[in-house]
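Input: structures, listed below.
Common to both upcoming complexes is chain A, partnered first by chain B, then by chain C.
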Partner chain A sequence: MSLGLPRRYLALAVLVIGVLFVFPFYAGDFRMNQLGLFLCFVMFALSLDLIWGFTGILSLGNAVYFGGGAYFVALSLKLKYAATNPARYGSGIPDFMEWNGLTAVPVWMRPLENIWFAAPAGILAMGLLAFVFGFITFKRHIYGVYCAVITLAESLIFEELIIEKQAYTGGFNGITDYGSYSSNINFYWVILAVTVVFFWLARRITTSHFGMILQSIRENELRSEFFGFEVANYKIFVFTVAAMMSAVAGGLYAALNGIISHQEIGPLLSVEGVIWVAVGGRGTLIGAFVGTILIKGAESLLSEQFAWMWGLLVGLIFILVIVLMPDGIVGTLLRRARRRRALAAGRAPAYEPRATGAEDTPTA
Partner chain B sequence: MASNILEIRDLVNVASGHTIIDHLGLEIEEGELRVLVGPNGAGKTTLIDVITGRFKPTSGQIMFRGRSIGGRPRHEIYAAGISRKFQVPTVYDNLTVFENMSVGLRGHRKVFSSLTYRITSKAAAQIEEVLARINLLARAGDEAHTLSHGEKQWLEIGMVLASDPQLFLLDEPTTGMTRDETTKTAELIRDIARRRTVMVVEHDMSFVRRIAHKITVMHQGKKLTEGSVREVENHPRVAEVYLGRQKISEAT
Partner chain C sequence: MAEALFAQFLTGFSIVAILLIISLGLAVIFGVMRVINMAHGDFIMVGAYVAFVMQEYFKLNLFWGIPAAFLVLAGIGMTVEWGLIRQLYGRPLETLLATWGVSVVLQQGIRLIFGPELRYVRAPQLLDGDFAVPGSNLPFPYFRLFIIILALGLLLLTYWILYRTDVGMRVRAVNQNRPMAEVLGIDTRRIDRFVFAFGSGLAGVAGTILAPIKTVSPGMGFPYAVDSYMVIVLGGVGRLVGTVAGASVIGESETVLAFLYNNVIAKLLVFTLIVLVIRVFPQGLFTLQRR
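Our next item is the complex of A and B:
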C-alpha cells in the first residue's frame, strides 16, 4: 500500500508510523496515553483541514462533532459502568442523574448502554447534524466570515446545551469516572490505526478529481459555480465527512481520557484546531499532524517546566510560526522543495505570493 | 437562414432600485461572433450575469435554443451549453495550469461522479491540445499565480474551451493586455468562433474592428443600434453616447 504518497515521502511516512507504533515500549504509560490523546486531536485537525485547508470553509464549530462523538461514547460507558458497579453506584444509574433527581435511566437513553450501538449512533448522528447544518448554511450561500460566525454560534449553542441539560450530560462538570481505556496499549494501537486510515482516506479524497474541485472552490467559488458545479453540494459532502471523522476522533478521545466536559464541544477546542492546522500548514494533510503534535507537545512539555508562563510561550510559538511562515511549517517546507526542484530543472523560480486560503468574498 | 441560439425578449433587470437592463431585446444566430459594446454602465456585464444565472431577470425572457433559461440555476445554464469568461482573469491561483484546465473539463459535475472520476489519457490529450492553442503547454505544471496577466486571461479562455460550450460569453477578454497579446487574443477568438457561437463584450475598438462582423451597441440598459462596424461607427447617436462627443473610432 503506497498510501497514495509520492515515493519521496513514503519512506518518511512509514518511519513516522513505525516510531509511533513502538513509542509505548520506550516512553511508558503516561506518555503513551498523552500521545493517544494527541492523535485524537490530530484526526480532529485533519478533518478541519479538509473543510478549511482544502475547501476554504472556516468552521469555528468543528468541535461540536468531536464533542458530540465524545459524549455518545462517554455516556454509553458511564451507563454501563453505573449499572455494573453496584459497590459505587448502588442505584445503578450515573451519579449526575441521581443528583438531578432522576431515579432511572430515561427509556430513550437505554439503547446507549450498548457501546456497539452508541459509538456508531454517535458518528451517524453527527453526520446527520452536519448534513442538516451544512444544507442550511451552504444552500443559502453563506460563506467566508459569515460562515465562521454561524459555526461559532453552533459551537456556543451546543456547549450551552450540554451545560444546561445536566441531568443527561453531567452539566458543567462533564462526565467522569466511567472506566477508560487508558494505559491500554492495544487501544493506543487502535487509535494509531484509525489515524493512519483517516490520513489515507483524506489523501484519497484530496487527490481525486473531487479534491481538485474542492480546492477550486477554495480558490474561487464563483468561477466553479459558472463551470456548472453545485458548490453547495460539494461543501455539504465534505462538511459531513469531516464531521463524522471528528466524531470518531471524539469517541476515541472520550474512551481514552476517562473524562469529558463541555470544553470538548465548545468554541475553545474549535479555535485551537484552527491554530493547529494554521501552524502545520493548511491544505497540507500532514500539516494537521505536525501542527497538532508540535503545539500540544509544546503545551505539555512547557507546562511541566513553567508553571504559569507556558501559555504565553505556546502563544509565542504560534505567533512566530504565523509571522515567519504564513503557509505553516509544512506548507513552507513544501514550497521551498518545489522551488529547489524548479531551480534544479533549470527554470527560474517564479515569484510566489503568500497563499491566500479562505477568501472573505469570492472575487470577480 | 440560420436559427437563433439565443433570443432575449423584453429583458429587465432592476438592482437596488436602479434599472440596469431596460426592456432589452437581443438575438444571436447559431455560429455567430457578436460583439457587444457600450459605455461604462451600459449593462453589458450585467447582461452576461443575467444570461448565466448570476442574477435573475426582473422580467422578460431568455431563450437558449428555444428553451427558457431565464432565472434558472447556474449549473443548469452551464449544462445547457453556456459558459463565460470573467472580465478580471478568474483562475485558481494555487492550482497548476493543468489542474485549472481539468476543473473546466466538461462532465463529472456531480459530487459522486467526481469522487470516482480519474482523468483519462484522452482527456489529458484534449487539455494539452487546448493548452497548445493558448500558448501555455510549456507552463502546464506551473501554478497559475506564476502566470502573467495576459497568460491568466488565456488560461481562463482555455478553461472555458475545455468546458466545451455551445455559447461562449467573454467579458472584455483583452483587459490589461499588451498590444501583442491583444492581437493574439483576437486571432484566438476568431478561431474559437469557427466552431461555436461567441459573444464578446469589448471596449477596445481596434480589437472590435479586427474580430467583428456584427456589433450591438448598448446604452443605459437598452439596445442603441446594431449592425456592421461601419454602420455602427457612423451612427450619430453612438458617437454621442460614447465618451461624450468623441468619435467612437478614436475612443480606444
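Our next item is the complex of A and C:
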C-alpha cells in the first residue's frame, strides 16, 4: 500500500504516521487527548479542502455537518449513560431533559440510545442534509459568494436552533458528562486510523479522473460545463462525501472530548476550518493536516497565557496568508520543489494554476 | 390577538428600517465591486461603540453619534479598501475571507480597548416616550419612529446620489459594465473607494441606532450582517428596489413569525423561504442585467 503517494513523499508519510502512532507512549494523557481532538479537526479540515481547495466551493457552514455528527454521538452516549446510571440524576433520563420538564425520553429519540445505530444514523443524516442542500443550490448555479453567504446563514441558524431546543440538545450549555473515551489509547488509535483512511480516500478521489474534473470545475466552471460534464452532480457528490467525513470527525470528536456545545456547529468553527486549510495550503491534502496542527497547536501553547492576543494574531495571520501566500505553507513549498526539480532536469517549469481558481465565473 | 399582531407588524417596520440601512451599504458595495464584506457586522459594532464613546467621553447624545459614526466608519472603510480589498481585486472569495480576518481583528481590538462587558447607550431625551398610533390606541415609541424616518431619509439620499448626481452616474456605469466604464475614462478605483466608504459609513449609522435598542458588545454585529447578506441574496443586486424588497420581506416576516412561534423558528422559516426563492430566481428578485 503506497497510500497513492509519489515515492519521495511516502517515507515522510510513514514517518509522520509512525510518530503519531507512538506519540501516546511519550506524552501524557493530556497531550494524547489533545492530539486526538486535533486529528478530528484535521479530518474536518480535510473535508473542507476537498470541497474548497479542490472543487472551489467555499462553504462557510460545514461545521453544521461536523457538529451534527457530534450531537448524534453525544446524545446517544448521554442517553445510554443516564439509562445505565439512574442513581446519577435521580431518574433514567439526561439531566438537561429533566431541567426542561421532560419526564421521559421522547419516543423518537429512543433508538438513539444504541450508539451503533446513532453514529451511522448521524453520518447518513448529515449526508442527506448536504445532498438536499447541494441539490437546491448547485443545480441552480448558485456559486461563489452566494454559496458562502447562504452556508454561513445555515450554520448560524443551526447554532441558534441547538441553543433554542434545549430540552433535546442541552441548549447553551451543550451536552456534558456522558462518559467519554478520553485517555483511552485504543480510541486514540482508532481516530488515527480513521484519519489515515480518510487521507487515503481523499488521495484516491483527487488523483483520479474524477478529481481532475473537480479541479477543472474549480478553475473554470463554465468551461467544464461546456465540455459536457454535469458540473452540479460532481459538486453535489463531493459536497455530500465531505459532509459525511465531517460527521464522522464530529462523532469521534464528541466521543473523545466528553463535551459538545453549540460552538461546534456554528459559524465560528466553520470559518476556523477554512482558516486552517488556507494556512496549510488549499488544494494540497497534507495542507489540511499541517494548517490544523500548526494553528491549533500554537493556539493551545500560546492562548494559555495570551487568550486575547491570540484572536488578534489569528486574524492578522489569516489576512496575510490570503493576501501574500494564497497557496498556503504546503502549497508554496510544493510549488517551489516542483520548480526546482524542473530546473534541475533542464526543463522549463510547467505552468501551474493557482489553487485560488478562477472565481468570477459568469453564469452566462 | 389581531391587535397584538398588528402591533408586532408596526414594530417590524423599525426592524425593516434598521435592516434597510445595513443592507443599503452592503448592496451598493456588492453591486459595484462584487465583494461581500464579512466585516460589515463589525462595522456596525464599531458604530455602536462610537455612539458609546460620544456619550461617555464627550457627553454628546445620539444625534451627534450618528454623523460621527458615519465619518469614523467611512474612514475605516476607506482604509480597508485601500489596504486590502484593492490588493485582491477580481477575487471575490479571497476578499470575503480577508474581510473575515478584518472582522476578527476589529472584534478583538474592541475587546482589548473596551473590555468584553456589555455597554449601554441612551436614546436622546427628545425621543423618549410613546405616542398612540392613529386609528388605534397602540403605543409606538418615538425612537422607533425616528429610526424609520432616518432609514427613509438615507434611502432617499442614496437614491439621490445614485440617480441624480454625477458621481452616482459613474457608480451606475461601473456597476453595469466595469471595463467599458474604465475605457470611457471613469476612475473606477476612485469609485470603488467612494462606494466602499459610503457603504461602511451606513453600517456605522446602523450601529449607532442599534445601540440604544440592543446592548453594545464586541460580537453584536454578526447576526445583523448575516441578515443583510440574506437581503442581498433575496433582493438581488444593482437596483435599490431589490434591497428595499429584500429588507421588507425578511424584516417583517421575521418579526411577525417570531411573534407567532419564536425567534429561531422564524429565522429557520425565513431562511427556508429564501433558499426556495433563489431556487426559482437564482439572481434574486430584482437584479440589474449586467452587460
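Methods note: the second predicted complex is superposed on the first by the 333 of 364 C-alpha atoms of A that agree within 3 Å, B and C clash if a C-alpha of one lies under 4 Å from a C-alpha of the other, contacts with A are read in each partner's own complex, and residues count from 1 in each chain.
Basically, a residue touches a chain if its C-beta (ideal position, glycine included) is under 8 Å from a C-beta of that chain, and two chains touch if they have at least 3 such contacts.
Just so we're clear, the structure is a prediction, and the values are computed from it rather than from any experiment.
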Of chain B and chain C, which one touches more of chain A's residues?
-> C
In the overlay, answer first, second, both or neither for which of chain B and chain C A:153 touches.
-> second
For A:32, select first, second, both or neither according to whether it touches chain B, chain C, the two together, or no partner.
-> neither
Between chain B (first) and chain C (second), which does A:161 come into contact with in this model arrangement: first, second, both, or neither?
-> second
Could you say whether A:216 touches chain B, chain C, both of them, or neither, answering first, second, both or neither?
-> first
For A:234, is the partner it touches chain B (first), chain C (second), both, or none of the two (neither)?
-> first
Common interface positions of chain A, toward chain B and toward chain C | 356, 363
Any idea which chain A residues touch chain C in the complex?
-> 58, 136-137, 140-142, 144-146, 148-150, 152-154, 156-157, 160-161, 163-164, 267, 271, 274, 278, 308, 311-312, 314-316, 318-319, 322-323, 326, 356, 359-360, 363
Contact footprint of chain A on chain B as seen in their complex | 52, 54, 73-75, 78-79, 83-84, 86-88, 90-95, 99-100, 102-104, 108-111, 114-119, 142-143, 145-146, 159, 163
Hey, which residues of chain C end up touching chain A in the complex?
-> 34-36, 84, 87-88, 90-94, 96-98, 100-105, 107-109, 111-112, 222-223, 226, 229-230, 232-233, 262-265, 267-268, 271, 274-276, 278-279, 282-283
Per the touch rule above, chain A residues touching chain B in the complex are 205, 208-210, 212-213, 215-216, 219-220, 222-230, 233-234, 237, 283, 350-353, 355-356, 363-364
